[in-house]
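Have a look at these structures, which come just after this line.
Each of the next two complexes has chain A plus one more chain, namely chain B in the first and chain C in the second.
On to the complex of A and B.
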């Protein structure tokens, strides 16, 4: 079995980009490995703001949607956030049909995604600060 | 064979040694005669001639002794190798209990020990392999039984309902599948049709499918609308699968033949196609809301109603059908399936499904399936008396 990591994780300021490197098809055969590597990173970095970059992935099976929901839950429990980016048209359609695009936030290409993700975190931080002020005037 | 080689080896070694001894004896005799002749002159030569017979006899005796000694030495050298070779042969013939015990040089004894160690390791490995095979056979047998149970849950044939032509087909990617479909005669010319697809495949998907299916069967008759039915199935499934991320996509439709209407609700399932008699009537039965079942605790689902026109066909399918891959990794695709539906419009539903099955099977070309494939068709024919049996 190939022991080479399937994912790489790179930090961009407050954001971490997890890129799927070794698979153009994500399905039942490699989903366990994918889940282990991402969940391992989430566990080791509580509060991580993680963006999963799918630009190398052509196809993903429904088993991967299950894994993404699990990862989303784990990130949320670890006080972090999760975003997905660079999904091809077919994969985007899967998210639209299943309406899971209303649970998992999806951005376009990485560069734009990083900007929007950083901005959304700033807005969330400001909202948090205001709600704190409102609670303790 | 090994014995023959061993004997040949012994004889060869013996002859070599005998030849050496004969040459040595001859040389010694010749040297002795030459020395006597040199020291004693003609008298010595006479003495040599007189004792030539004795010297010849001594030489022959030496050669014979040499042959016997060398044959014995050759045998003792070859015998352990013969024993080892015999051990390997018996092991190769399946006698895994056989071991080689011999007394010989340190190297040959080491070789025998290595053989015995290898024999023990191989015997243990074979035992483990046998146990593993037995375990695998048991699991496969249980999976076959599970697949039979699951197949027995699928309707043998669609119910016969006036004005409706029905057809259905399912092919799991593994022994047991994550797809299911079912029909329910709701009385008064009304029919409930469901198609579902659990995440993943194999046993985990099949268990989720069976749970969802059982809840659907239990509630379908008593719940008023498709959306309400999905809401209640979702609540029950969320309790069991919770935050595991596992889910099932589902499309449920009630066809009211007497009033020529359908009412449906979608839980994240890929939208079925509605195809009319003419090209202009073509739409997808999609919904902008409704998560797959088991994902959101308080999932809400939308009810949609549509009037039916004569010969309207609603074709439901799982994404395993449109995503089925050929040897070149290309997917069968929605457009290819739709082409078959449109081109077969004038045929019976059975024949249309047959076209799609043949087309997808030829696309897959015997390759293993990634996902289960399922298709269900319902056509409204106001003048028909009853439905058409499903494809075998």
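On to the complex of A and C.
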């Protein structure tokens, strides 16, 4: 396996988009590398609001689903949030069959996903502020 | 749809021939079985993910060549094959390279039989349900059960056997829902 990074991470305001660049196939062979790169970024950026963009990915196996759940746990422990976007039809089906679409939040194409993700963070911040006011009137 | 057993569906005309000329039907069936023997892909490999990936690639090429799947529409077949092979390597043989995994893909009428055998201690795939907890395993087998027409496990031979029908995995096919 070459040493070129599989992932790239770009910041869009409060959001970070992690794009899988070097693999159209995520499977048992490269899932460890994928997990290491994403978890490495999460560890280095506590509180990250991370969107994983799958638009280059044609195929993934259940090993990747398990890794995504691990990443989700790590992000939450680091007080961050995780979203997925741009899953093709086949991959979306896999998430539905395994009920992971009820655990992980999945958006459509990146542009719309960024807008919705930013909005959901704003709403969460407002709710947090209100609950703080209610606790300390 | 899951088939109740390993039977092969026949057309109405073929069923009529079977009823009217049972001897002919039996002879035709035997002939088909003999020719089917040539239509087999077999591979045995040590329990490494690299060898698994090589076998998976060749098996998919075979399925494409034999028109069980169409180019660009390999997703379901690829997923089921990979999940079963990874299970055999990682959970069956526990990555022990001295233990082999054997893959057999055989044409049987309008069905394709895929058998994956390992040399491990055996497991209980029938009991597998979709995991609730994130850390739990078993999603691969549940995906296989969803996409394949029939899935059975032979405990004595440590073999997972699954069957797929021709055309069911292409766009618009019944398994590609």
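Note that the second predicted complex is superposed on the first by the 137 of 137 C-alpha atoms of A that agree within 3 Å, B and C clash if a C-alpha of one lies under 4 Å from a C-alpha of the other, contacts with A are read in each partner's own complex, and residues count from 1 in each chain.
We take it that a residue touches a chain if its C-beta (ideal position, glycine included) is under 8 Å from a C-beta of that chain, and two chains touch if they have at least 3 such contacts.
These numbers were taken from a predicted model, which means no experiment stands behind them.
Engineer: When the two structures are superposed on chain A, do chain B and chain C clash or fit side by side?
Structural biologist: clash
Engineer: Applying the touch criterion given at the start, work out whether A:28 contacts chain B, chain C, both or neither, answering first, second, both or neither.
Structural biologist: both
Engineer: Taking the superposition on A as described, I'd like to know which of chain B and chain C A:101 touches: first, second, both or neither.
Structural biologist: Neither partner.
Engineer: Between chain B and chain C, whom does A:120 touch in the aligned arrangement: first, second, both, or neither?
Structural biologist: neither
Engineer: Could you look at A:67 and tell me whether it touches chain B, chain C, both or neither (first, second, both, neither)?
Structural biologist: first
Engineer: Which chain A residues come up in both lists, the one for chain B and the one for chain C?
Structural biologist: Correct list for chain A: 27-28, 59, 61-63, 65-66, 69-70, 73, 94, 97-99, 103.
Engineer: For the complex, which residues does chain A have touching chain B?
Structural biologist: Touching chain B: residues 27-28, 59, 61-63, 65-70, 73, 94, 97-100, 102-103 of chain A.
Engineer: For chain C, which residues count as touching chain A in their complex?
Structural biologist: Spelled out, the residues of chain C in touch with chain A are 49-50, 52-53, 75-76, 78-79, 82-83, 86, 90, 130, 134-135, 137, 139-140, 142-143, 146, 177.
Engineer: Of all residues in chain A, which touch chain C in the complex?
Structural biologist: Chain A residues touching chain C: 27-29, 58-59, 61-63, 65-66, 69-70, 72-73, 90, 93-94, 97-99, 103.
Engineer: So in the complex, the part of chain B that touches chain A is made up of which residues?
Structural biologist: Against chain A, chain B makes touches at 197, 199-202, 243-247, 249, 268-271, 286, 288-292, 295-296, 319, 323, 331, 370-371.
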